[in-house]
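In this document, chain identifiers A, B, C and D correspond to the written order of the chains, with residue numbering beginning at 1 in each.
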Amino acid sequence: MGVVIINFKAYKEGSGERALKLCEMVQDVSAKVDDYIAVAPNFLDLPEIVSKFDIDVYAQHVDAVGFGSHTGRITAEFLKEKGAKGSLINHSERRLRLADIDFLVSKFKELGLISVVCTNNVATTAAAAALAPDYVAIEPPELIGSGIPVSKAEPEIVENSVRAAKDVNEEVKVLCGAGISKHEDYITALDLGADGVLLASGIVKAEDQRKALEELVGLR
Amino acid sequence: MGVVIINFKAYKEGSGERALKLCEMVQDVSAKVDDYIAVAPNFLDLPEIVSKFDIDVYAQHVDAVGFGSHTGRITAEFLKEKGAKGSLINHSERRLRLADIDFLVSKFKELGLISVVCTNNVATTAAAAALAPDYVAIEPPELIGSGIPVSKAEPEIVENSVRAAKDVNEEVKVLCGAGISKHEDYITALDLGADGVLLASGIVKAEDQRKALEELVGLR
Amino acid sequence: MGVVIINFKAYKEGSGERALKLCEMVQDVSAKVDDYIAVAPNFLDLPEIVSKFDIDVYAQHVDAVGFGSHTGRITAEFLKEKGAKGSLINHSERRLRLADIDFLVSKFKELGLISVVCTNNVATTAAAAALAPDYVAIEPPELIGSGIPVSKAEPEIVENSVRAAKDVNEEVKVLCGAGISKHEDYITALDLGADGVLLASGIVKAEDQRKALEELVGLR
Amino acid sequence: MGVVIINFKAYKEGSGERALKLCEMVQDVSAKVDDYIAVAPNFLDLPEIVSKFDIDVYAQHVDAVGFGSHTGRITAEFLKEKGAKGSLINHSERRLRLADIDFLVSKFKELGLISVVCTNNVATTAAAAALAPDYVAIEPPELIGSGIPVSKAEPEIVENSVRAAKDVNEEVKVLCGAGISKHEDYITALDLGADGVLLASGIVKAEDQRKALEELVGLR
């Protein structure tokens, strides 16, 4: 019913061989539910995951440059060629300049990639929505990795972010993140008007990753 | 009638002793017209200019931090105490992260400082307007320092920026910049709906700075 | 006997009116001892402090650009014109790229400004010394603001840094920082071969700033 | 006889399918000469190139973080697990802070990865050598992509860089880059004391990439 994007970050449990196992599990669980479950691994793991699994793969970041004399950069065109579905943009651990977010959202539209622009509060959610990305993902920084679900601790942030985004641009979808790990919190997020959730440690660093994901989507 | 903010940048002609002379001239010209003419000198020159001249002084930049263990940073509180009227924020030569622009706009509101958020196109103007700053200043980067006035070369950018900003937030005022130096271009900008202009080299690096400013505001 | 540079950071207690009072006290204490005591206030306070007090004033940071189209930047030339003695460069709260540190050290030499390049361990101290600045100031980041003096907790870092710096360039002087506030720690630093200390909170945030500085230099 | 590292940058001609063809050619040429020829593709192409070809593969960049809550970052550990031989560090298009260069060089030593630290002049070469990387690669920025070979235009920079590096640390090997494309320039670089060259456009953007590489290593 909802959207679930799992950010693998630079977690040991979400990289290399562990990333492949994690994706196998995600693919399994995904087949049993109607929710749209996608993953965001690091750049080095991304191509193999795209080719081996039947799940949508997002990058965690992309650089605001095109082809050319840029060393150590990943462009939108590279992501497209490797089969990525889209990318997180402006994650709180990889903030971008406003002009660069706009550059990327436009470029993604041209290339048919899905843009997920991360924000930190209601005002920046409205600002990001004005750029017309596919998704805005609101994550109050103080709750990231805290285990305290934003949909429970600050429901008004989710509600107001949804309203602010839709006021600016009706078509923008809204995810919420930070602290979400239980089914109840996920459902609350949807009830508050969000289209889904963005999570990381709640799944990737869970002692039992499968159990964590199954619980999240209500299979347990 | 309109707003004119002059960015002194790190120009030799707009720093140290030359900055003081330039401000004396600006004060002179300002007294003869109804336009609101303000200056944006570098941090080191700012306090003396505030204390010596009867013109509004803006910083060129401000850091998104508060009091604390931050070395080499200028906070909004410092600007306030020194008597600055406000600051440029996110100038194309000093781009900021979206979350930091929002932090500064909010902080400025609390402190009673005027925020002038610079943007590069219609989309980022709408995004910046969503943060509710006092001004958005749109400057197409390709025209900065070009001598080609944005109000002439790309009037639709000015018009669309004004409309986009007002659609998001009616109270936001819009400046336009890049390539403006003649009275005609300034008037055109106002006719297109802008509240004024942001300039730099057109005045600061003019052979005759007084003549350049007088021409801009229609005194010659 | 030694060098004492006090970094005012963005501390409330070291900015605006409080900075002026602090400098008056530093000037007082300085007159009673042989130590070289200098201050590093923020950019906005720097010019007034230079003009009012008979102590050497350093900037906390300087940008690696010259005159030109740079907004919100402070150049070495600006510092020189305002009467600054030199600047901290690459402080742990304002790290710079290697090429920019080199640019600044060279520019400072041309202009007759004193360069104080901050480093975090023995290896980066040797690297910085290879650029031939006037001072290298080694501050283990984990001890900054900790109240645990580097000269006591990790005397071998101080000793090895001095040796590493001198091995590369005999003329480079070495300061040490982080956690220093007592006379004993200062003396230990000198005994370990350092030419002095760089401090901040130990003086600026002390309940009684005068008492703190007098104790440091052995007046109490 | 010498070392040749080819940086694919974000060139269209060096990414995706084109990167694979380029590597096949490099592998071919490499088999015919004694020179050590290695490639530095972008992150997304790196794993497949490692697995398909018998040539050493370097990353173009690596982030100064370990495992953890870091989004959009590539760690040294990730590179190691994917079979990269090492990485360029501090390329002129991806400059790093001094402390981060040191962090990476140390981490690479632990992990058995080869560090190639890029620098821009004699002073920064000495500084980088003080960190004891495997290689320092000196590239005067004004010559990058210019077609003017550093070994011809500024032989003294190559010679002095080699001397400066060895003075600080005898074991550090020195590459030179910028503008190199002919065999003669490569040989001159070796004669001046360099251990090899770092190139990019000279090969990757050549009309005939194979011809360009064969000429470089003296096969034509």
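Worth a mention:
By definition in this document, a contact is a pair of C-beta atoms (placed from the backbone, for glycine too) under 8 Å apart; a residue touches a chain by one contact, two chains touch by 3 or more.
What you are looking at is a predicted structure, and each value in this text was computed from that prediction instead of being measured.
Set against the Cα centre of subunit C, the chain with the most distant centre is A.
In terms of their C-alpha centroids, the spacing between subunit A and subunit B amounts to 36 Å. Subunit C has its Cα centroid 34 Å from the Cα centroid of subunit B. Taking the mean of the C-alpha atoms as each chain's centre, subunit B and subunit D sit 43 Å apart.
The set of subunit A residues that touch two or more partner chains comprises 92. Touching pairs of chains, sorted by label, consist of A-B, A-D, B-C, C-D.
Touching subunit A in their complex are the following residues of subunit B: 90, 92, 95-102, 105-106, 119-121, 123-124, 126-132, 164, 168.
Note for the complex: subunit B touches subunit C at residues 7, 9-12, 15-17, 42-48, 59-61, 65-75, 77-79, 81-82, 88, 91-94, 144-145, 200-201.
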